[in-house]
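Shared between the two complexes below is subunit A, which pairs with subunit B and subunit C, respectively.
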Partner chain A sequence: MLSALQNPRQAAAQLLNFGLILSTAFMMWKGLSVISDSPSPIVVVLSGSMEPAFQRGDLLFLWNRNFMEETKVGEIVVYNVKGKDIPIVHRLVRKFGTGDEAKLLTKGDNNVADDTELYARGQDYIERKDIIGSVVGYIPFVGYVTILLSEHPWLKTVMLGIMGLVVVMQRE
Partner chain B sequence: MAAPEKISVYSLNDLKNTSDDAIPAYLNSLKFKQSHTLSDVRLALGYSAFLICAACFYWDYKFGFESTKIYTTIAVALYTIINSALTLWIWGVEKGIIYVGTTPNGEKIEITTSVKKHVPVYNIVVKTTSKSGKTKEIKFKREFRKWFDAKGNMVAQPFQQLWASNVECIGMVDQKNIVRTKEEGKKTIEVAGKDASMDEKWASLLAESQPGVTGVETESGTASKRGKGKK
Partner chain C sequence: MHSTLVRAQNVFGFFTTVCFVVAGLIALSDFSWERKPSSTVSVKDVQVVRGRPHYYSTKKEEYAHIRFNLNTDLSSLFTWNTKQVFVYVSATWPSNSTGPRDNEAVIWDTIITSPSADHLQNIGPAAMKKLVKSAKGKSIDPSRGKLNLKNQKAKYQITSPTGKLAETDDVVLKVHYNVQPWVGMLTWTPQVDFGGWKTMKGGVSKAFTLPALKKKKEEPKKATS
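And then the complex of A and B:
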């Protein structure tokens, strides 16, 4: 590793290896985003409000294109509420009207009441543009790592540090 | 020239990398002119891919996904193309070439090295192109223990001797490191380029293995046997 410092090309190549790992991961994510037309095509369930369908830690795959038909009542959708940064996974239970202006109401399977409480102040319904995707597939439990990471933020720093070190120390 | 740090002699990767690093240092010290075209192209491709990614990250962070969707799509497509080009370059063009350069005599030299998994032997292929365009390929292999001591220090002299004795155009510049031992000749497998005649091939083989023998005709029988045995 030290010898790399004497040779700028080799140092640049080693740095590039690290950069390419990061950038490839990011571009794969963005590629998935572009294909599914969703800003966040994979999400992790953070709450138990959709039990027994989804548990905390489940990984969900989203699809945000309407090829043949509109988003229907009964689909499980992930939506954003203005002013809140955490997307919510709930089922679409009411739909009034069609197209982009349709008024949509959602509710968690495990919740007693519908989501009007969760929406922004004064908001009674969501629209199609608030939705970032419908759930098309899931893997149970694997997302639990990210819950751990977000609940213990220092773990992120530690993990990034270890990953960086490993890549820089190894040449392959 | 010796490697500045100790390595683990049980790590084949370390053995190969340290040896690979020593070659440019040695050859450049003999006034060889190294050509960096291969690695420069690789670096250019890699860094341009990385820059595209960085730009994409920036506008995504700054302006969000929806408003920059077209640019992101273009960036993803470009990144895929450049990255595939980079992979092709590494596998198809570089192919393990670790040194390209020109000797002080104007010959072109291209060195490729490889190791087989768990076999501590350094496989070397040297391709030289003379000024008249004649190409010649020399293949030889040697155990790493010949130039690494038990503690993992690289010893420069035997390593330099290996190169000077086996590769003609290096030997010409570095006469003092040529050693003509039985062993050096025995393990050398020389594959003459298509331009070289059989006689030339045997002559060079004999020159490697038996210094002092002049009669090519009389010795060619044994040489051919030996040549077959080695392959």
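And then the complex of A and C:
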């Protein structure tokens, strides 16, 4: 650690190394985003409205392309609602019409009523463009770290600090 | 470097690698199980009535109340990686009598958990006790995939954005499923055979026509039942 400070060449290399790790992660994220055509190809479940299928902290992989067929009833989709920043993961239960203008209605498996109440004021249905992906893959629990991080912000600082220290202390 | 930190890092790295490889193998094992689901669905009774979408609404819409018979054998969908199977019956109908069936709405659904996921169900304590007891000592219970419903009432009354539904022709009920794994890919009723995964045998009702609006005067007789 101290030697790193004394040797500027090594310090620079370590800094670059740290940058490389961050940019690799970012590139992989954006790459996945391009492949799946979704602005957020991996999401973490934040609520229990789809239980028992999904619990809080589960990781979902999204796919937003329609190769063979349109997004259809029964699919679990992630959608955005105007005026709300957190996307919602619910099942598509009704579809009226076809194409981009089709009127879609969603419902959480664990909810009694459909999502009309969750939509914007005066909005009865969502459209295909509101959907940022259909759930295709599932890994349980792995995303719980992000829930912990957002609920306890000080953990973020601690983690970043530890990561920085580890990278700086590595010699190679 | 053989510091404690590096060792800890290596151990953690190896642990996560092993976890992901095992998870990947489990996910891949899905393809080794054959799936040959079958089901029959038929319409028992249909009524179209006028109603409001919710209590405070002034809008009047037509709602179809459908009763149906359902018989399924989805037992082949239950493997060690099955967390739950979501079974749903949808009604599909065309917007105009000559066009394709471009409207679809779920009228009934149910969640069948594997015994390993029973504790996650959102049901009362008595029902939970019964459910857990029904598969005591079994980690996989394929018999749960067998449903036999007679004269089942729809959970959701279908309507359409236009509010008109009476006398719609060419309505069809379809049975679908969605397999939720413990880890891996979510799968739905396949449209074509995919290796050992066969398409649903049956699962589509005969086309039927929604009746005309039910007259208010007929009500009193039925109300007693």
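Here, the second predicted complex is superposed on the first by the 161 of 172 C-alpha atoms of A that agree within 3 Å, B and C clash if a C-alpha of one lies under 4 Å from a C-alpha of the other, contacts with A are read in each partner's own complex, and residues count from 1 in each chain.
In this section, a contact is a pair of C-beta atoms (placed from the backbone, for glycine too) under 8 Å apart; a residue touches a chain by one contact, two chains touch by 3 or more.
These numbers were taken from a predicted model, which means no experiment stands behind them.
Applying the stated contact rule after C-alpha superposition, one finds that A:20 touches subunit B and leaves subunit C untouched. Contacts of A:73 after superposition on the shared chain: subunit C is touched, whereas subunit B is not.
Legend: residue contacts after superposition of the two complexes on their common chain; A:9 is shown touching subunit B, with no touch to subunit C. Of the two partner chains, subunit C is the only one touched by A:138; subunit B is not. In the superposition on chain A, A:52 makes contact with subunit C only, while subunit B stays out of contact range. Between subunit B and subunit C, more residues of subunit A are touched by C. Judged by the touch definition given at the top, the superposed model places A:112 against neither subunit B nor subunit C.
Within subunit A, the residues touching subunit B in one complex and subunit C in the other are 171. On the side of subunit B, the complex with subunit A involves touching residues 3-5, 13, 17, 21, 36, 39-40, 42-43, 46-47, 49-50, 53-54, 56-57, 60, 64-66, 69, 72-73, 75-76, 79-80, 83. In the complex of the two chains, the subunit A residues touching subunit B come out as 2-3, 7, 9-10, 12-13, 16, 19-20, 22-24, 26-27, 30-31, 33-34, 37, 39, 171-172. Considering their complex, residues 51-53, 55, 68-69, 72-76, 91, 93-98, 102-103, 109-110, 114, 124-125, 135-140, 166, 169-171 of subunit A touch subunit C. Residues of subunit C that touch subunit A in their complex: 1, 5, 9, 23, 83-84, 86, 88, 90, 95, 102-106, 109, 111, 113, 117, 120-122, 156, 158, 160-161, 176, 178, 180-186, 188, 191.
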